[in-house]
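What follows is a group of structures, each given as C-alpha cells.
Here chain A shows up in two complexes: once beside chain B, once beside chain C.
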Partner chain A sequence: MTPAPSLPPALAIGAVAAVALTTVLVGVLGLRISRTTSDFYVASRTVRPWWNASAIGGEYLSAASFLGVAGLIMVNGAQALWYPIGYTAGFLMLLLFVATPLRRSGAYTVPDFAAARLGSNAVRRATSVLVVLIAWFYIVPQLQGAALALHTTTGLPGWVGSVAVVAVVVASVMFGGMRSITFVQAFQFWLKLAALALPALFLVLWLAGRGAPSGEPIDALGAASGNAPAIPASLVAPDGVYRTVSVMVALLFGTLGLPHVLVRFYTNPDGPSARRTTVIVLSLLSVFYLFPTAFGILGRTAAPDLAGQADATVVLLPARLIDGPLGAALSALVLAGAMAAFLSTTSGLLVSIAGVMSQELFGGSVHGFRVAAAASAAVPLGAALLAGPQALAGSVGLVFAFTASTICPLLILSIWWRRLTAAGAIAGLAAGALACGSAVLFSAIVPGIANMAVLQALLGQPAAWSVPLAFAVMVGVSAVRRRPVPTAVDRFLVRIHRPEAYEPDPAREATRSSR
Partner chain B sequence: MSPESLAAAVVVVIVVLAALGLAVAAVALRLWRSRRDFGSDAERATYTTLHAAAQAGRHLRGGLEPDGAAKAVRHLRAMLGSPALALTDEARLLAWDGESPAHSGTVMALALKSLAGGRARIASAPEVSCSAAGCGEADCRLRHAVVAPVQAGSRTIGTVVAFAPDARAGLVSATNEVAAWVATQVELAELDRSRTLLMEAEVRALRAQISPHFIYNSLNAIASYILTDPERARELVVEFADFTRYSFRRHGDFTTLAEELRSIDRYLLLERARFGDRLQVSLRIAPEVLGTAVPFLSLQPLVENAVKHGIEAREGVGRISITAEEEGADAVVRVEDDGVGADPERLRQVLAGHAGGEHVGLRNVDARLRQVYGDDHGIVVETAPGAGTLITLRVPKSQPDHDVGR
Partner chain C sequence: MTPDPHPQRVRVTAPRSNAAPAPVAPSLARELTEQSEIGEVLLRSLIRSQLRLALVVGGAFLTCLCGLGVLAALGASFPLLPGLPGLSLAWLLLAVLPYPAAIACAAFYARASARNEEHFRELVRDKP
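Here is the complex of A and B:
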C-alpha cells in the first residue's frame, strides 16, 4: 500500500537537509578557538554531566524510541507502555552496576575493558566480534526507519532514506575532522525532544479545542481492522506474563551492553560524574518518552486507521489532524527529528564498530578507522535493503535481548565477581549468543511454530532464559576451571571500585578564594 | 510464516554471514601468511623449534618468575622432547611440566649440586627413584635426570632439569643449550628492567631540568611587577608555586590530558608575563579527550620547545597553537609555532639519540611514548629552517592498564 505523500517532497527534503546542516555547524562551532589564557582555563574544563547526559540521550534515542514506541502504543494501548519503561529503566541498571567502575577503568571500548580485566586476547576477540554484530543488528532498524519515514511522507522509494542516512554518516565519520561529538549529540537530543514535544502539545491543544474528530472514543483495534489493512503480527506487543517479563529483562539488561552508550561514559572526567550523568540521563529519558506515548494515544483516539502503518504514526499524525501549512510544518518538524534520531544513533554505532574493527584488523591506524567505517556500513545497508520492513520497537527489542545475553553478563561479572576467568567469559558469551540468536532465528523461520504458543513465546522472546543461561555458564565454567586469582586482577578491581582520592588542601583553597 | 518474521530472519542471516565471512577471511589471511613457503621436513623442524623458542621467550621476558615459567616450561619441554621438565630458581621449584608429577618433589634435591657448583650433571638411581619420590605409576619413564645450570654473568640463578628414560649425550648437550638460552632471556629481562629504570631516572632528570632557566626568567619577570602591579605579581607567584608543585610531584607515571594542559596553562601564563604581547597563543581543545591518560610531563616539553623556537629565538610576535582532538580511537595533540624551525636532519639525529643539545626534552618525550605505546606512537615533528615547527603526539584513548594516579 502506498499512501499518498502527506508532505510536499521539497518541504521534507528541506527539513532533512536542515538537520544535517545544523548538525555540522554545531559540531564545528562547538569548539571555539580561545586566545586568552583565562578562556583556556575554561576550555580545559571537562565535559559537564548535563552535556554528557544530553549526548548520551542523543545517541541512545533511536528509531525504536522515536517512531516505534508510538507505533506500539497506537496498536496495543497500555500494554506497550512496558517498552518506554524498559528503555528508560535500563539506565538504572547501568547506574547501579556499571557506570562508575567502567569510567574508572579508563577503558574506551568493551573489548578493551574485557581484555584488561581478564588478561586474555581471546576474550578481546570474542567481545569484538559480538560488539560488531550487535552494532550491525542495531543499525538495520535505523535504516529501515529512515526508509519508512521518508517513504510515507514524501512517496520517495524506500531505499533513498536508508542510503541517504548511510551516506551522511559515513561521510561525517570519514571526513569529520575537527569537531566536538559531544556537542553534536547533545544538540541532537534537544532537537529530538523539541521535534516531538512541540507537535504533541499543538495536537493536544488542537484536539482539546475541537474535541475528538469522530466524536466518540474508539476501540482502536476493533474499529481500525475494518477499514485499514491488517495489523502486522510483529507489531502486536507481547502479552502474557512470560513475554512481558522477558521483554523487561531484555530492555533492563540490554542497555548495559550497548557499545555506543558505553563509549560516551569515557567522556566523563571521573567516576562520580559518570554517576551524575546517568541520573540525568534517566530524568531526560523519562521526560522524552512522555511524547511518543502521547502520540500513540492521540493516534489511537483520533486516527485509528493509521494502525496499519503504525510505525509512521508520529510523522503522519500532525498533517493528518491539522490541515494546511501548520500541519505540514509540524509533520516536517517531526520528520526532521526522526532523521536526527537515525543519524545520531547510526553514527554512534558506526564509530564504535570502526574503532573495534580498526583495532583488530588494522592495528588501530587512522586510515584503518576510515576503511572500517565505510566497510562496516555496507553490511547493515545490504541487510536493510534486502529484508522487508519490520516493527521498529520489536526488532530493536531483540537486539537488546542479544546484548543482555552476551555483553551484560560479561560486564557485571567482570566488575563484581573476582573469580571470573577468561575461559568462563568466553563460554558464557558463546552460550548467550548462540542461545539468543538461534532462538530468534528459529521462531522466525520454522513453519508452524506460531501454532505452539509456549514454544513461540520461549523462542520469540528468549531473554528471560538466555540471560540467566549466560550468567550460569560464565559462573559455572569459571568455578570448574578454578585457578588462583592473579594479583593483577585484584589490582584492577581495587582501582575500578576505589573512590577517587579526595585531596583537601585548605591553604591553597584559601589563597584562591581570597584573590 | 509472516513476511515480518521473514524480514527479521533475513537480517539475522545476512549479518551473521557477513561476520562469519569476515572472521574466516581474517583467520585464513593469518594462516596463509604463516604457512606459505613451507618446504622440506628440515625447514618444518627448524620452524617448530624456533616457534617453541619464541613462545617460551615471550613468557620468560619478565625474568625467572613462577607465572611466566609455568607457561614457558611447556614449550621448553617440546624443544627437548623429554618426558618431563622442571625449571627452578636458586631456592625453589618454579614450574613442572610432563608425566609422573610425583617426581617434582625431588627436583630441588637434584638441582642443589649444580646450583652450588655451576656445572651440569647427570643424576641417576638412587637419586632419581620412584620409591623415594612416592611415584606410583607402573611404567614411569623418569629414570635419569640432566641438570643444567642457568648462568647469568658469573652467577648461577637457576636450573633446567630434564628427565629421561636414558641419559644420552645428546640430551645433555641439548639441555645445556636450553639452559644457556634461558639465561639469555633472563638477561634480556634484566636489560628491560634497567631500561625502565633509566627512563624513570630521565623523567626525574627532566623534572629537575625544567627549573634553572625557567625559574630564573620567571622570577625576574615577577620581580618587575612587584612595584608596578603587586596584585599581578602575587597571582604570578601563586601560579609559579602551582606549576612547580605539579612538576615535582612524586607519584604516578601517568596523568590526564586535562591536568597536563592545566600545567601548560600556568607555564604559558608565566611566559606571558615575560614576553607580554609578543607571545600569542591559540587553543582548540575537544572536551572529549581531556580525560585521556598521557605520560606525566609529556606535553610540557613540546610547548617549552615551541616557546623557545617560536619566540625566544627571533624578533617580533610569535604564535603558538595547541589543538587536541579525537581521531578514531586515538587522542591527537598538536603543538605548532611559526618560529625559526630546525634542520630536520639534525632533529632526526637528536631523536635517534645520536646527538645531545637543546632538543633533549623532545627526545625524552619521544622515547617514553615509544616505550609505553609502541613505536607507532612516537612524536612526529614537521619542520624546516625558517618554516616553524609542528609536533604531533598521538595516544590511544583506551588505556585501562594505566592508572592516572588521582
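Here is the complex of A and C:
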C-alpha cells in the first residue's frame, strides 16, 4: 500500500521541521533555568496547576488519541467512542485513588514510592522493570505513528519519521530534563488542540456550505462499515459486551499506572494542587476528544474509502475534501499536530524511563539521567523499525491493560490497604504481568484462535479478568501470612494521607526536595 | 504553632543544648506525627472517609457509564438527523454526555475531599 503523497513534500517536511525546531528551542530555553538535580527530575516541584495540567494533556495525548481514535471510528463506528471515554475518565480514577497521596509521598518515581511503602528492594526492582517495559511498549506505537503519518503524506520511507522523533526527543530530554519538558509539553498540548480543532471546524463549515451531503456518500457509509448493522449487533453480542467492558477496565484503571503521567504528579507543589491539576486535565481532555470524534464522523460521511488506511484519516481528510492550497495547508497543520503528539508522549515516557534507570543504575545523577535517556530510546526504536504496523488505538489500549494489571493494583493497595506486604505485591505484579502478557501474546500468535470469538475476546482483551486477578493475588498472598503491620508502614500512610498545613513552610519544603 | 497557653518555666542557663528539652503538653498535631493512639484513630477515620468518598464517586460514575452504554445500545437504530442514517442516537450519547459527567464527578470529589481534610485539620488544630 503506497499511496501517492497527498501533500507537497516541502510543505509536509516544513510543518514537521517547524514542530521539531520549536520543541528543541523551548527545551533549550528551559535549560537556562534548569540547574539542580531536582529541576531535572521533578521541576523542583514548583509547577502551577494550569501549566501542569496542560503539560499532562500534552504528554498524554499520544498517537493513539491524535490519529488512532478517528481511525477506530472509521473502522468500528460508534463502538470506538468508548476509547476516548476511557482515555479521559481514567483521570477521574487517578484523581479518586492516587493523585493526592502520591504527591504527598515525596517519592520521585513509582519504584521509589513502592520501595518506601513496602520497605523492600525486591519490590523496587520488580516495579522498575515493569515501568521500563510499559514505557517501551508505549513508545513503539508512537514511533509507528510517526512513520505512518510521514509516509502517507510525503511518501518518504517510514523509518525517517521514527528516527526523526527519537533524535529530537533524545536531544531535548538530555539537555533539558523535566523543567524544560514541562514547558514543551504544555505548549504541545495547545498546538495539538489547535491542529485538530481548526481543520475540523473548517471542514464542517466547508461541508455545510457545500449543502447537505448528497445521497451518494451516505450509501457509501453503509459500504464502508462493511456490514453497517453489525455495530448495534456487536453491542449486544456477549463477546462484544465483554470486549467493551474489558477495554473500559483497561483504560480506566490503566491511566493511573502510566509512568509518564504519574511522574508529572510529583511536580505539583502540594496535594490539593495535584487535585486541581487533575480536574483541569479532565476538562482539557474532554474538549480535545470532541475533535478526533468529529474527524471520525466526517471521514465516515464524506470519505469512507479512507477506512483502508484508517489511522491516517485525520491527516488525509482535509486535503481530500478541500482542493487546492487551503486543504493542503490544513493537512500540514494536522501533520504538525500529529508530530507534536509523537514527540511529547515519547519524551514524557523517556523522562520516566530515564528517571527510573538512572536511579537504579547510576545513583540518580544528572549525567546518569542523560546516559539513560539515550540508551532507553534505542530499544523501542529498534522494535518499531522491526515490527509491522498495528492499529494505533488498539495497541496502546493493550499497554493500558498491562498497566492496569500491574502498577494499578500495586498503587491502590499501597495507598489504601495497610496490610499489603512486599511478598503480596511481588506475587500480584508477577501474576498480573504474566496473565495479561501471555494472554495477549497467545491471541496474537496461536493460529485458528480468530475463529473462536469468545476465546479470542477473552485473550485479546484480558483486562476484565487479569486486573481482578492481580488484585486478588496481592490481597491473598498478603493475607496468608498475617503479621503485625510495621510501624514504618503506618508512618508512611500518615505522611501520604495527612493534609498539609495551611501554609507549607518553605524551609521544610526545601529540605524535603533536596533530600 | 500557636504559643502554649501555660508556658512551662524555662531555665535560662548557659549551654542549653546539653539539657533534655523540657516536657511540654503534647499537642494533637504532635501526637499524630508520633503515632500516638489518638492521632492514629483520627487519621484512620480520615483515610476511611476519603476512601468511602472515592468509592461512592467512582461507583456513581461507573453507574452513569453503564446506563449510557445500555441507552446507546437501545438507541443505535434511532437516526439523529434525517438524511444521515449512519449517525444514530448512540453517537450523541457516547460522544458527548460522558465528558460532563466525568468533570462533574471530579469537581465534586475535589471539593468534598478538601472538606474532609478541612474537618480533620479542625480536629487536630491546637485549641487555645
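The criterion applied here is as follows: the second predicted complex is superposed on the first by the 449 of 515 C-alpha atoms of A that agree within 3 Å, B and C clash if a C-alpha of one lies under 4 Å from a C-alpha of the other, contacts with A are read in each partner's own complex, and residues count from 1 in each chain.
Heads up, the rule we're going with is that contacts are C-beta pairs under 8 Å (C-beta built on N, C-alpha and C of every residue); 3 or more make two chains touch, one makes a residue touch a chain.
Bear in mind the structure is a predicted one, so any value in this text is a computation, not a measurement.
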Partner chain in contact with A:380 - chain B first, chain C second, else both or neither: first
Which of chain B and chain C A:92 touches, first, second, both or neither: second
Touched partner set for A:137, first chain B, second chain C, both or neither: first
Contacts of A:358 with chain B and chain C, given as first, second, both or neither: first
Winner by number of chain A residues touched, once chain B and chain C are compared: B
Partner chain in contact with A:440 - chain B first, chain C second, else both or neither: first
Partner chain in contact with A:244 - chain B first, chain C second, else both or neither: second
Partner chain in contact with A:210 - chain B first, chain C second, else both or neither: neither
Chain B versus chain C as contact partner of A:289, first or second or both or neither: second
Common ground on chain A, meaning residues reached by chain C in one complex and by chain B in the other: 232, 235
Touching residues on chain A, where the partner in the complex is chain C: 77-78, 81-82, 85, 88-89, 91-93, 95-97, 100, 212-213, 218, 221-222, 225, 228, 231-232, 235-236, 244, 248, 272, 275-276, 278-279, 282-283, 286, 289-290, 293, 297, 300-301, 416, 487, 490-491, 493-494, 497-499, 502
Parts of chain C lying in touch with chain A, wherever the complex brings them together: 32-33, 35, 39-40, 43, 46-47, 50-51, 54, 57-58, 61, 65, 69, 72-73, 76-77, 83-88, 90-91, 94-96, 98-100, 102-103, 105-107, 109-110, 113-114, 117-118, 120-121
Touching residues (chain side chain B, partner chain A) in the complex: 1-16, 18-19, 23, 26, 67, 235, 238, 256, 258, 261-262, 265, 268-269, 272, 280-288, 290-291, 293, 323, 325-330, 376, 396-404, 406
Touching residues on chain A, where the partner in the complex is chain B: 31-35, 37, 39-41, 43-47, 51, 105-109, 112-113, 115-117, 129, 132-133, 136-137, 140, 178-182, 232-235, 266-270, 354-355, 358-361, 363-366, 368-370, 379-380, 382-384, 386-391, 395, 398, 437, 440-441, 443-445, 447, 450, 486, 492, 495, 500-501, 511-512, 515
